[in-house]
Amino acid sequence: MDFKQLVGKLETLDFEKLYQDDFFLTWDKSREELDAIFTVADALRALRENNKSAKIFDSGLGISIFRDNSTRTRFSFASACNMLGLEVQDLEEKKSQIAHGETLMETANMVSFMADIIGIRDDMYIGKGHAYQKEFAESVQMGYDEGILEQRPTVVSLQCDIDHPTQMMADSLHFAHYFDGMENLKGKKIALTWAYSPSYGKPLSVPQGGIGLWTRLGMDVVLAYPEGYEVMDEVVEVAKKNVEECGGSFTITNSMEEACKDADIVYAKSWAPFAAMEERTELYGNGDFEGIDALEERLLEQNAKHKDWTVTEELMKTTKNGKALYGHPLPADITGVSCKEGEVDASVFDRYRKELYQQASFKPYIIAAMIFLQKVKNPKEKLEELWSDADKRLNDK
Amino acid sequence: MDFKQLVGKLETLDFEKLYQDDFFLTWDKSREELDAIFTVADALRALRENNKSAKIFDSGLGISIFRDNSTRTRFSFASACNMLGLEVQDLEEKKSQIAHGETLMETANMVSFMADIIGIRDDMYIGKGHAYQKEFAESVQMGYDEGILEQRPTVVSLQCDIDHPTQMMADSLHFAHYFDGMENLKGKKIALTWAYSPSYGKPLSVPQGGIGLWTRLGMDVVLAYPEGYEVMDEVVEVAKKNVEECGGSFTITNSMEEACKDADIVYAKSWAPFAAMEERTELYGNGDFEGIDALEERLLEQNAKHKDWTVTEELMKTTKNGKALYGHPLPADITGVSCKEGEVDASVFDRYRKELYQQASFKPYIIAAMIFLQKVKNPKEKLEELWSDADKRLNDK
Amino acid sequence: MDFKQLVGKLETLDFEKLYQDDFFLTWDKSREELDAIFTVADALRALRENNKSAKIFDSGLGISIFRDNSTRTRFSFASACNMLGLEVQDLEEKKSQIAHGETLMETANMVSFMADIIGIRDDMYIGKGHAYQKEFAESVQMGYDEGILEQRPTVVSLQCDIDHPTQMMADSLHFAHYFDGMENLKGKKIALTWAYSPSYGKPLSVPQGGIGLWTRLGMDVVLAYPEGYEVMDEVVEVAKKNVEECGGSFTITNSMEEACKDADIVYAKSWAPFAAMEERTELYGNGDFEGIDALEERLLEQNAKHKDWTVTEELMKTTKNGKALYGHPLPADITGVSCKEGEVDASVFDRYRKELYQQASFKPYIIAAMIFLQKVKNPKEKLEELWSDADKRLNDK
């Protein structure tokens, strides 16, 4: 779709409720709201490709809170903010004078005096990340209502313990471009499968986010994992409900082979069992570090039993015409490259390297589109204005 | 006051000397100069509330130097710089190649090639912080005179060992809004009192800054602390002199009850004895870390004798009509929340939570106003231009 | 030269190939290309001095990668980016989720979605830094070609194991201003000499960059060091070849006195022997940390034999009319100031302090000029437009 068509598409969608609201979970939003974000992401990318400015803010801060190391998401958030005119200010907890026992309500307001957007990644402990993000949003809503903040900063989840919305939406937009349109994803089979990694405790937000979103797009979603690697029940229920409403299907299997057979897309990634992550959260709460060490050892042993859960060339041959699209949120554990045995064969990864990087390249635009729709009253008019403006991003003569 | 009235107020004030000068201590400045800063802070806030741009810089850096952890001041400085169009660049000494024995003159010039403003927080050692800030300012003045720097960056103290001007001025502006006008602070009784904290060595710049500034506003300032918690003599002299010139009164007492009785404002915060902080600086200079540990132990014991110095509901009942405004620079040590026993009862803190956050919210505007008046030749004309400009901060259609 | 003359000068030069290309080594570039950078650096400085905007980017990121601590270069890069309208985003490897074994190709693309410029300092290991920079540039070229990146970010070397181009070019521009014109450097004698420092392992990129560039300018370059402190052969060959093409001369001596005799410029700095640095790289590759410690001890002992290699007042008296310009990339090891015995006498350093700071002050403009010429299609027209625009950098009324 060209820019004009994108704006035309936007006109057909109902997405008013995104304005001034937060983005936590994809299933909080209507399908049309998600489509509006996909459409604006494409439009913002078109502006960038054509050296046109997408700066809607003359000043203002985008606060980032990463409670874990991050490269891709950190640079995607920084890129999105910069594109729209916001300066990123990182709340590094170790450089901060956050008092022991200081309430989140206080911290949230103290960093938000001139914040338009708050991007939070908090995926470490079950039951914590999403709750933290919601409490942060409620705190700044209160600060705005009380006249402490001149604007109500909106929250964009950059990953929580439940969902990873910017990743899953970027992945979906990549799939849509690859298969020539979001509507073409209907009926496509996607194998969302666990894979072996020598490290343990990788976040559940990816498989959960995948089944929560891809069932919305009418895909045939097959979630595969070895027994014992179950994900959160609530999200499984969300996926089941989606199928009823959106067509497609949702199946759980303990066979990677079954999942990948005739699949259009193979998305294979390690994660930790939900029950184990709940246990870890409890151990952590009790300060039981010996218990955590014991759990880690147990989980590594458990993982090691499933080294055959890996994306090999043979497995790829069993997919639709032997040519399924291979996807991964990156970085991947590549056998013989980043580890001895891992999630994927080096030859498979290399063959899809270009597609994998393209997949990642949608994330800044998805984040920027979320911010755009949270902040701009009349997105269609604003996009048209940005397109027709003489303002160049790089005014290089 | 509305925007027009604020600009009108500015016209009545003499504040030329702020232009191109630094801000170290409130008592370096005339009362009209302080009033100009209060007025511009309100005007900049009005611009923000009305979605108008206050960007006076098209590019330029604001350098921050925090020699201690910080959240509130860090984000306030970043907000102020961003609002005016400066990008913050933090001089993190641990990431820097500052050679052993490198002169401050050299460091100051090396980071200032494109710096318009330098914000420094250095409150750790008696006799050091203010001296460091002055030397920094002198160094860049020399660099400017010698053609090394194209502009003379001005220094804003974000706290030193003597004063905490941006905090005290933000607090004052909050009081003025609460009591409907700066002139209404005349004759108001403020209890600036020590309070118990389980930690030790909190900076003296807050009580010193308080007595140094609030006596300027014609308030009845009562400084209360247990015997042994004396503050710097020089600042006590400043406060006494202020009373002669500005009316009001200044009293020191060793009774928290006496200070709070019929007070209009209760401002209760822990600090370390000046003499002990001098001792610590000397021990530190001698590399006597055992001595420092012994001193810490002694100070914690000394603190523990004064757990009754805390803001209870009963104490608040003795204030003017039982309804004094409670103030704190945050974060507070709240009994039963952030510590077992602390500076204030949770119920008192909670009752004034909204006011405490509002108090904090003035700091970015105070800092921005200082920068604005240091950099803008014709502040009245510039404010009028910003107000009448079509430029929106968020151009959201 | 005034602004008009600078633009006129630019018209006489052929520098098209700088556009969209990287900057690794000065000897990759033609003399006219280097002159274009010198000229644009002066022009950008003139814009700044006259409070004119040089902002050519409305948004965009400048990514910095410092694999070693840095102050001068860090702030110079940040200043250059800010001046042109780019926001700096630092890739701090310790805050990043760069997987063990993650390819540079992946990291390079993941941080570059909205990057216009990548500044890399990597000078620690022989054979590594330059190679890393080249591979980074090739990776983003591929990403651009594959439609992953909307723009091709160009790389500016902020120092590698071979050359330190922004330093050497800034130094050269300083010399040119000091001696009233780049053409006046022809035939000037520069003593580029090793000097004693109590630390070891200082980078070779400075002496190598010096002989590689100053021979281009037709200077009489004398490289002096105690036996055993040889630099990279390949760069010695570059210097020799330059002499054939550009006139001037290039001599190596083991006598500091000989080098400084009648010199117009004395540039004295410690460095490590190339062979020892190669050895260190190998030990490091083998994880032989005992070997590294032993090497360090040996090198410190070796250094200590040459404490007489220092810039004294007597030595300075032997220079041209006793008045050679003293230069250093800073920070210097100053005898009695930053160390007991070092590279230079305090009185010499102090006498040239102003010139040393001026020397450093050219670096942000050199970096900005490199970026400008990499990004702007029609630099002459663009500079003229910036000069005639009403846009002020600080719009202070």
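For clarity, chains are labelled A, B and C in written order, and residue numbers in each chain start from 1.
FYI, a contact is a pair of C-beta atoms (placed from the backbone, for glycine too) under 8 Å apart; a residue touches a chain by one contact, two chains touch by 3 or more.
Predicted model, so just to flag it, every value in this text is computed and none were measured.
Visitor: So what shape is it, when you link every pair of chains that touch: line, ring, star, complete or other?
Guide: Looks like everything touches everything, fully connected.
Visitor: Give the rotation angle, in degrees and rounded to the nearest 5, that superposes the C-alpha atoms of chain A onto those of its identical copy chain C.
Guide: 120
Visitor: What's the call on chain B versus chain C, same or different interface residues, using the half cut on shared numbers?
Guide: different
Visitor: How many angstrom lie between the centres of chain B and chain C, each centre taken as the mean Cα position?
Guide: Those two chain centres are 41 Å apart.
Visitor: Which chain C residues touch at least two other chains?
Guide: 87
Visitor: Name, in rising order, each residue of chain A that touches chain C in their complex.
Guide: 45, 48-49, 53-55, 66, 68-72, 74-76, 78-79, 82-83, 85, 87-88, 330-334, 337-339, 353-354, 357-358, 360-361, 363-364, 391-397
Visitor: In the complex, go through chain B and note every residue touching chain C.
Guide: Going by the criterion above, the answer is residues 56-61, 87, 89, 91, 95-103, 105-107, 109-111, 113-114, 116, 143, 146-151, 375-378, 381-382, 385.
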